[in-house]
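Dropping a structure here in structure tokens format, bear with me for questions.
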Amino acid sequence: MTNVKMKVNGKAVAREVPDETLLSEFLRENLRLTGTHIGCDTSQCGACVVHVNGKVVKACTTLAVSLEGAEITTIEGLANGDLHPMQVAFNDNHGLQCGFCTPGMIMAGVDMVTRYKAEGRELTPEAIRQELEGNICRCTGYHNIVKSIQDAATRM
Amino acid sequence: MDMTGEHRIAAPRAEVWAALNDPEVLRACIPGCQELEKTGDTTMEAKVVQKIGPVKATFTGAVELVNINAPESYTIQGEGKGGVAGFAKGAADVHLTEDGDETVLTYDVHATVGGKLAQLGSRLVSSTAKKLAAKFFDNFHQHLTDEAPPEA
Amino acid sequence: MSSGIGKSVKRKEDKRFTTGKGRYTDDHRMDNQAYAAFVRSPHAHARVKSIDAAAARAMEGVIDVLDGHQLTGDGIGNIICGWAITSKDGSPMNMGAWSALATEKVRYVGDAVAVVIAETQSQARIAAEAVEVDYEELPVVAHVADAMKDGAVQIHDNAPGNQIYDWELGDEAATDAGLKAAAHVTTLDITNNRLSPNPMEPRAAIATYDDAEEHYTLYTTSQNPHVARLVLSAFYNVAPEHKLRVIAPDVGGGFGAKIYIYPEEITCLWASMKTNRSVKWTSDRSEAFLTDAHGRDHVTHAQMGFDKDGKITGFKVDTIANLGAYMSLFSSSVPTYLYAPLMSGQYDIQNIHCNVRAIYTNTAPVDAYRGAGRPEATYLVERMMESAAREMDMDPAELRRRNFIHEFPHQTPVLMQYDAGDFPKILELAQEAADVAGFPARRAEAEKRGKLRGLGYSTFIEACGLAPSKAAGSLGAGVGLWESAEVRVNPVGTIEILTGSHSHGQGHETTFAQIVADRFDIPVETVQIVHGDTDKVQFGMGTYGSRSAPVGMSAVVKAMDKVEAKVRKIAAHTLEASEDDIVIEGGQVKVAGTDKAMAWHEVGLAAYVAHNLPDGMEPGLKETAFFDPVNFSFPSGAFICEVEVDPDTGQTKIIKFTSADDFGTIINPMIVEGQVHGGVTQGIGQALLEQVIYDEDGQLLTGSYMDYTMPRAADVPFFDVQHHETPSPNNPLGVKGCGEAGAIGAPPAVINAITDAIGTNDLAMPATPQAVWRALRAASKPIAAE
């Protein structure tokens, strides 16, 4: 057991957990932040994507104890009073159906828009599709997810 | 999965045969082998830790020597249970031919895997098995000759 | 109005999903919750000699280890298939016994033999590993060809030759005569690849037993919680219906895989009683690949005859359907009544005969997956049309046009009576949008770059909203196929709709609210949809087969008719006017041509305070209706796919995908188009990427997303979705259903495009780069140097 301390969605948290606890488990079971989903066992589907110190991480393949002192943002922490422009864009563009992959898609979308903007690169639809390589959606055919991220990029 | 191979060992056939029947030697040479106990004249119990792709498992199972034709050939067969990781089973026909002071060992393996090993690791079973076989014969060669095998 | 029928109203349910507040089954946690882990067979076929759970029982956190003998001993019944198919010789289908936990034999890799209940999920999983099961391995038949061989090992004692049924539809003699009279006969041998539905949320269940009330509650990932309760109660004897509440909360996609009642839910319910704990089970993805019902898996030989003008003279089909090791809930109906009746496609075919043999194999059960039978039929018919056109050197669109049905209703020789459609129109719409006229120039340009361009069509029909109950019953269905709705107008005028339909991505909370807002001219925000809980909602049939709009919404309309009649009476009474003069608009109930009016909410209040109701009228404003349609609805579509193949690598790129759909009346175009995008992508997945593979030992080789290729964002283009509406006369809204069209129509369009590009018809799904490359090589002349 290890006492893990980190900052999740701006709040300091500390929990005593077994060393093998994954970040996804830590968020879902210990903190009861169930917006981070688990859709596979092999780090392929991206339903568990969160931000760790500003970078995207698949929570299902990260040990909680390795993140001592880290700052984590989950889907629950994205809206700051108002919804985040990415959340609004997903609603406006019908970028979700069953909603299960959506938290991961939104977290990945926020990250890619931020990165491309910082690097001064244009986030084309082709680039969005390539960037979504690690996120699977079974409902939407990606059409409206790509449009949502494109749309959000103009608002962020 | 089927695999065949041939190895030249710089030791006389009788010595190679003896080593192939010595649980101590086999334990030392089988990659990941933690335990190998004789349970009868031709039967052994083994515990082997293996990692195939994302699946790591401890296999426990029985190993049996059949079709024994000393000092020329036998079939070594076994089945290992790896818990939720599934199972692996197989048989290897091993044949020794004298060539002067040296021995040519040929083998013909048929192996199958099941359960999670098949689901997650089937792509990797062939390459892993080849690697393990190579490692075994490197170890075996080294044990008999006390030197690293010649570059293939 | 801005939120009525035909408007792209943004989804009301999105906020909880985009903020992480969706509540899926695994997100729930009960007091006193324990976890289940299943001990599953690693063998595809074996006798269970003994189960030794002593070591597992002694492990930390283990509450109990339960097996199949205990389960059957407690009277838990076998899992059943709910649609009885009769073989052509009059014999009933051979349904083998399927216990939720296997007792004597395991019949596929993943078959559960025991369950461990422990304090934590990880303790349960570790202990499951310690349960020692002694198996005696039996010979395995993993593929239908092996299962059908003489002397093949028999999977179920009561299914000789591993055959479940040998069934036919249509007139064989007339069809043979039609083929004989043909000027040209096209013959095809076709495989419809086995797929895993893969909703992104894995299946899960939480069962709670209340020993004081002898009452069970089950949270589960279900598309049809009432059907689950009925089956759990009536067939599996878990508990009588009034002692069992089934809740399907937010469900992360279904695609058919979540229709059925699986061993895990049954076992969790029973285990909750045995241990007096809430028992939770959540599938991991590997378990999902092993145990979720698969889809498709047909092998078919077919012949289609044409006269000299290209008119179809006969269509003969012989199909072998792999149903896996056990018969899942609707498995028998998929390759029969959901398949053969679709063989007429959009074409006027007088002679059709379809024979289907369903076979057991040592693989996971196969049941309905998005489209269910209709994709298999469509793939066959549409590859047939395209192949025939090429063989007869005709334009494939022209061959289709010559055979199109023009008059409705149209009776086919295979049961169906098509309701409405305009097939030439949607084809024309698709051809314009796809710029078919410009294709030769695009192909020439691609050729200059060393690439092969191809164009493929699929003009298809589907049957949605399974109906009517009486007809389905006569064909062997064990359930009715109606839907129910309750419309509750609250005293403040807001409305709750209780529907038996279940939303797991389809957007019912928005579209169902739209039809109510439209009818009563009130804001869509004042309408709430309640679904997915058997304690809240009256009995309903759930969501599958694109039935929520044609059947579920129609029930809402019927209930609204009753509400409106009462509203009129109350308003007429209060405003002292004739019922006939009452109009409902702009949030008011008015007397036409006067300034006399009540606000909508005042009518609601009047109904509940009941101070001044017409004599004899009951208080309240709440009505229930059941809708049983007179017929299926028949959405139709024309898809055109344009691909570019790299002959060096075999890589296929979809350049453009155009769909022109006739879904009848459209409630919300944005949501309908989303359904098309998703369906087409699953169809493209089947055509290019996906396949469940078992090796000859029955080991599943595609057990993760590293091995089973799901379509990803870069695999698909943006889609061009066109609409043409010919309302269905079979329901009050004229809707036809849109959930499955994409998955039904897309595969042949893609394969027809690739085969057009590479100039050979010898190509099977999935058309991976390797498969395409090989087909290209096989078709080209041998190279001397090799």
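We just call them A, B and C in the order they show up, numbering each chain from 1.
Simple rule for what comes next: contacts are C-beta pairs under 8 Å (C-beta built on N, C-alpha and C of every residue); 3 or more make two chains touch, one makes a residue touch a chain.
All figures in this text were calculated on a predicted structure; none of them were measured in a lab.
Taken as a graph of touching chains, this assembly forms an open line, each chain in contact only with its neighbours along the path. Here the two chains linked by the largest count of contacting C-beta pairs are A-C. Centre-to-centre spacing of chain B and chain C amounts to 49 Å, using the average Cα coordinate of each chain.
Centre-to-centre, using mean CA coordinates, chain A is 29 Å away from chain C. The set of chain C residues touching two or more other chains comprises 286, 704, 706.
Annotation for chain A: residues touching 2 or more other chains are 42.
Across the assembly, chain B contributes 120 as residues in contact with two or more other chains. Those residues of chain A whose C-beta lies close enough to touch chain C in the complex are 18, 20, 28, 32-42, 44-45, 47, 74-76, 78-79, 83, 87, 90-92, 94, 96-103, 106, 125-126, 128-130, 132-133, 135-146. Residues 83-84, 86-87, 112-116, 118-120, 122-123 of chain B are the ones touching chain C in the complex. Listed in rising order, the residues of chain C touching chain A in the complex are 10-11, 13-24, 26-27, 29, 122, 198-202, 250-253, 255, 284-286, 504-507, 670-671, 673-674, 677-682, 704-706, 710-714, 716, 718-719, 742. Across the complex, chain B is touched by residues 42-44, 109, 125, 128-130, 286, 289-290, 695, 697, 699-704, 706-707 of chain C.
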